[in-house]
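In the two complexes below, chain A is the common chain; its partner is chain B in one and chain C in the other.
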Partner chain A sequence: MPVNYLMPEYEVYRNPARCIACRACERQCANEVHHYDADLKAMVADDAKCVNCHRCVSLCPTRALKIVKSDHTFRENANWTGEAITEIYKQAATGGVLLSAMGNPKAFPIYWDKLLINASQVTNPPIDPLREPMETRTFLGKKSDTIRRDAQGNILCQGEPQLELKVPIMFSAMSYGSISYNAHASLARAAQALGTYYNTGEGGLHQDFYQYGANTIVQVASGRFGVFSDYLNAGAAIEIKMGQGAKPGIGGHLPGAKIVGDISRTRMIPEGSDAISPAPHHDIYSIEDLRQLVFSLKEATHYQKPVFVKIAAVHNVAAIASGIARSGADVICIDGFRGGTGAAPTRIRDNVGIPIELALASVDTRLREEGIRDQVGLVVGGSIRNAADVVKAIALGADAVYIATSALIALGCHLCRSCQSGKCNWGIATQRPELVKRLNPDVGSQRLVNLVTAWKHEIEEIMGGMGINSIEALRGNRMMLRGIGLTDRELSILGIRHAGE
Partner chain B sequence: MLTIQASSRGYRELNEAITAAQDQDILLEGVLGQRFLGAGLSEKSLTIHGIPGNALGAYLDGARIHVCGNAQDATGDTMNDGQIIIDGSCGDAAGYAMRGGRIYIRGNAGYRAGIHMKAYQEKLPVMVIGGRAGSFLGEYQAGGIIIVLGLGEEGVPVGNFCGTGMHGGRIYLRTASLPADLPSQVAARQAEPADLEAIAPILEDYGRHFGLAAQDLEGKPFYVLEPNTQNPYHQLYTPN
Partner chain C sequence: MLKEGQVRIPAGCAISGIFSRSGEAMSGEDIITSITVMHDRSNGLGGGYAGYGIYPQYKDYYALHIFYDTHEAKTDCEKFLERHFDIINLSKIPTRPTKGITDAPLIWRYFVAPLPTKLAESQLDEKEFVVRCVFRVNTQLEGAYVFSSGKNMGVFKAVGYPEDVGRFYRLEEYAGYCWTCHGRYPTNTPGWWGGAHPFALLDTTIVHNGEISSYDANRRSIEMHGYKCTLLTDTEVIAYMADYLTRRKGLTLQEMASVIAAPFWSTIQRMPSPQRETLTYLRNTFSSLLITGPFSILMGFDGGMMALNDRLKLRSMVIGERGDRVYAASEECAIRAICPELDRLWSPRGGEAAIFTLKGADGLCQ
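Up next, the complex of A and B:
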């Protein structure tokens, strides 16, 4: 047997005084860590298989379990960390490209945490959201710059199509295939209850979810899976996916083994056939080509629906966004480098793209300078973790935010970052029926509603503190932000002053 | 048949007129490069005089479009059902990601024809190109049938990188010799009687449209290109 260079990252600690050998952990762990040893008459665990998802810990009736980080260590080395060494072992053993899941976990600066929010004192007093009306509603789409009237002088209100959001938070694209039926059901129902939208991702729209069409954004990606007239017309908006924050410049590849049953039906490809989304759209090589896709979608849906274009936050994002604004798109979505994913090459996820905070600020600035900011809505995602992040994003210039990782965490995701295995013990990133059923969409949708409702209250409170009573008045209001511990360059890109200024 | 004078009207207006028309048969006269004609259309039959612009019949869902001349780029983008018949040649990216229906081109097709064509259940898209196709024919093809007849062509009737990334479907080339640079994901062999039988009804239908007889297709053999299952399109990944 060849020597195994890989040591378990975690240890499953079982308190023998508490364990009653009920074997619940064995049933719960799809990674097959636990089993009952009849000779020992005790539960045993294979630490090497554990991904630290806490499923067994949460379900153990006697609280006998905990997962601890192994203190087994290499010789201390600030350069050759255990991680760096282990990754080489993995590649030397397999010759494979390292594949990871969820967002970039590296210790890059988190600019949200270096932004501080203003509050009113004495003059321009704060507003109490419990007493005063607070407007969290916002509209996504092109805003007209002229007022048009009919012959009688009445204002003509019919402008470009808009999406009405009761709260400036939407659920971003996650395909059926990368996440489960029950996860999609939870997102769809929650979007409807909240008066916001979820996004199909590029895997098509399951027949059962057409009923949530009014709260659905349907995605069109390079593979065009499940894209046909009914699909385009089913949603409230259409999103063209050009890129994704977790893997800018990289396409998708759902292996044939995962294309079974409903997934195959929804993507409209045969069972067992690989679902390959090429990195580029092979019909888009320029802004003019993008414009053509935007307008072909508008034609096919009779100009009833706003068309979004989603890109990853990359170095040249401001110029790209300016092009998109001129392509006829109604909304630009920018996904930061911390955005999640079901699977992405590790090196891409961890090294490509830029933080959403900087991308957002530079895009908003650029569009304003060019006088075209009102021609598009701006939605940002890529690790919005709480209500304060939402407020900061809007103050930096976003119309609304997309959340996905936060939404999955609300559904029970423990960020074990092993979605690519398809064995999500929480019933989210899996298609195994016995795992999918662990996520009850009644409970899931309620938890999502709870989360967004709580954030809405917090947003109202923060806005009230600033003496602002509507999202519209917060948008792009960078005077409400100050930076802390940032360089002049960072402050100038963010377009904000330092705390104390 | 309803005749619509197209020359001075934009694509949006034309498509609205097509949708609003009571007639099932519509003749568009004097088309001058208007894009998106027939986008998403599920019924009716359009005859086009003049040159339609890009993205003709995008997302087409059952309608029939007959172009009595040439078409431009992105014909039948993401087409789901229906028929597009082009008496002349067409530009690049014809039939991108099409899932159903048929595109018949009497002349040549530009670059990137049939990229990411797919098939699903009863849906089997077909594209027949009478002359030659440019480079990147059938890249990432996942299903359906692409036929290149090479009529009037001396050499190989396709450009470079034919079938790169192919992982489903079939390409039939009527040619004396195969392209020299076929990628490793593609397995090519001379067509057997069963292969030819499978496309006989398609060729008959195609011939009917363009007045071709069976003997017009004699003289050169057909080759079949299929994904090479020995060498599937995937990169080896290591979970991390």
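Up next, the complex of A and C:
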């Protein structure tokens, strides 16, 4: 037997005084960590298979389990960390590209946490959201440039299509296939209840979910899976996905093993065939090509739907966004380097792209310098973790935010970052029926509604403290932000002053 | 310490306005009396007036009122003006030595018309040409500042208490159909005359009491359309927004009010069609120009005056009417001081625009 160079990252600790050998953990773990040893008359665990998803811990009726980080260690080395060494062992064994899931976990600066929010004192009053109206409604789309009137002088209320959001938070793209039917059902129902939108991702729209079309953004990505006339017209808006924060410049690959049943039908590809999304759209090699796709989609939907263009936050993002704003797109979506994914090459996820805070600030500034900010809506995602992040994003200049990782966590995701295995014990990133059914869409959608409702309350409280009673007066209101512990360069990119100034 | 314009200075204030619907000319005496009553709402760091109908003999020319820090600035600015305008008349603005008004800059007045050749070359309409020239001076000529640029109207302002500012400028010698006035209570020491109110662009003037919480959202939006906020004050940005919405976008004053002090969505939803659609459209189209936070403003314009409160009415403002005269002020006492008997006294609701125009004039809006 060859030497195994890889040591388990976690240890499953079982309190023998509490364990009653009910075997619930064994049934719950799709990674087959636990089993009952008849000779020992006790439960045992294979630590090496554990991904630390907490399913067994959460379901153990006697609270006998916990997962601890293994203290097994290499000789300490600040340069050659255990992770660096282990990755070499993996690649030496397989010759393959390392794969990971979810967003960039590295210790890069989190600018959200270096921004502080203002509040009113004396010279103007804070507003109590429990006593006064507090408005979070926002519209995404191109604003009219000229006011036109009829012969009687009445304003003609015609313009480009707009998307109305009751709260400036939408669920970001996750395809059916990368996440389960029940996860999609939860998102769709929650979006409808909240008066906001969820996004199909590039996996097409399951026929059961056409009923939520008014709260659906349908995505057109490089693989064009599931794209046809009914699909485009089913949604409230269409999103062209040019890139994704977790893997800028990289396409996607859903293995044939997952292309079964409904997923095959929804993606409109044969069962068992790999679903490969190319890195580029092969009909878009430059900005003028993008313009043609934008207008093709508008033609196909009779100019009734706003067209979004989603890009990853990369170095030249401001100039790219400016080009997109002039391409006919109604909304630009920017995904930061901490954005999640079902699977990405580790090296790409951890090293490509830039933080969404800086990308947002520079895009908003650039569009204003060019006088075209009103021609386009701006939506950002890529690790919006709480209501304060939402407020800061809007104050930096976003119209609304996309959340996906936060939404999955609300559904039970424990960020074990093993989505690519397809063995999600929480029924989210899996297609195995016995796992999918663990996620009840009634419960899931309610938890999403709860999350966004809670954030909405917090946004209202923070806005009220600033004396702002409408979200549009917060948008781009950078004077409401101060930086803490940031360099002059960082402050200038963010367009804010330092705390105390 | 940073000068005004380099740092944002919030301010509380007093405002007062008098308007004669019949167009009767009133001296500046009454408005001075009115603002004097509200002495405690100012702190001596800024006061000013706008008078309409005060230059009938030059009513077809733009009256530029300019502060100069130095004689060199004056020379430079006059060269610029000569290149762009036909200067019909120029003079020092008459003042009298007044205790409490010190460190006066050079204060000059020019009656001008754009040079036809320059105007044609610019491919702009006349008003836009004047606006751009004003911005050129204010942002590029060190030590020169145009603080009034309309026709048949003028702004007079200084650092000091407003009653002293009125005496300093000898306003009792002018006569106009409309006067607005402002006493300032800034929370920092600007010490610069340009920072006082009213703030003016062409014939639109704003006096304002409040501190708007939407300031930077409004500023960053309006700066996209060619305006430069050099003072970082609420009043400046409100004046630019008013100019943009009415002159550039052709909105009526009522429509403008429904943008900057928009009704709540819940109110709009209860409205009948097509009002509901129109207000939704306006609010969405100009969403970045919504003002939140407390304000009460008096906006003067050619042929009229508008009073407007923020939509929660977080600042006091009352309106009194007596015959043809309309009075608006932060406090009732400021009205009673000059007109003890009123036909009607009322407080406009939050976001409710009170618009008064000259009788017989089909102005921008009724």
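Quick note on the criterion: the second predicted complex is superposed on the first by the 501 of 501 C-alpha atoms of A that agree within 3 Å, B and C clash if a C-alpha of one lies under 4 Å from a C-alpha of the other, contacts with A are read in each partner's own complex, and residues count from 1 in each chain.
The criterion applied here is as follows: a contact is a pair of C-beta atoms (placed from the backbone, for glycine too) under 8 Å apart; a residue touches a chain by one contact, two chains touch by 3 or more.
As the structure is a computational prediction, the values presented were derived from the model and not from experiment.
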Item to check | Contacts of A:F228 with chain B and chain C, given as first, second, both or neither | outcome: first
Item to check | Which superposed partner A:I269 touches (first chain B, second chain C, both, neither) | outcome: first
Item to check | chain B versus chain C as contact partner of A:I110, first or second or both or neither | outcome: neither
Checklist entry - Can A:A279 be said to touch chain B (first), chain C (second), both, or neither? => result neither
Next on the checklist: Just to be sure I read the superposition right, which of the two partners does A:S421 touch: chain B = first, chain C = second, or both, or neither?
Outcome noted: first
Next on the checklist: Touch test for A:D374: chain B only (first), chain C only (second), both, or neither?
Outcome noted: second
Next on the checklist: With both complexes overlaid on chain A, does A:T123 touch chain B (first), chain C (second), both or neither?
Outcome noted: second
Next on the checklist: Using the superposition on chain A as set up above, list the residues of chain A that contact both chain B and chain C.
Outcome noted: none
Item to check | In the complex with chain A, residue positions of chain B that touch it | outcome: 11-12, 15, 19, 35-36, 39-40, 42, 54-55, 58-59, 61, 73-74, 77-78, 80, 92-93, 96-97, 99, 112, 115-116, 118-121, 123, 136, 139-140, 142-143, 165, 167-168, 232-240
Checklist outcome for this item: chain A partner, complex, touching residues on chain C are 8, 10-12, 187, 210-218, 220-221, 223-225, 249-251, 255, 262, 264-266, 274, 277-278, 280-282, 284-288, 290-294, 311-312, 314
Item to check | Residue ranges of chain A touching chain C (in the complex, touch as defined) | outcome: 120, 123-125, 127, 132-133, 135, 137-139, 143-144, 146-147, 154-155, 157, 159, 162, 368, 371-374, 466-470, 472-480
Item to check | Touch list for chain A against partner chain B, complex | outcome: 87, 90-91, 93-100, 222-224, 227-229, 232, 253, 255, 264, 268-270, 273-274, 276, 278, 282-283, 292-293, 295-296, 299-303, 343, 345-346, 418, 420-421
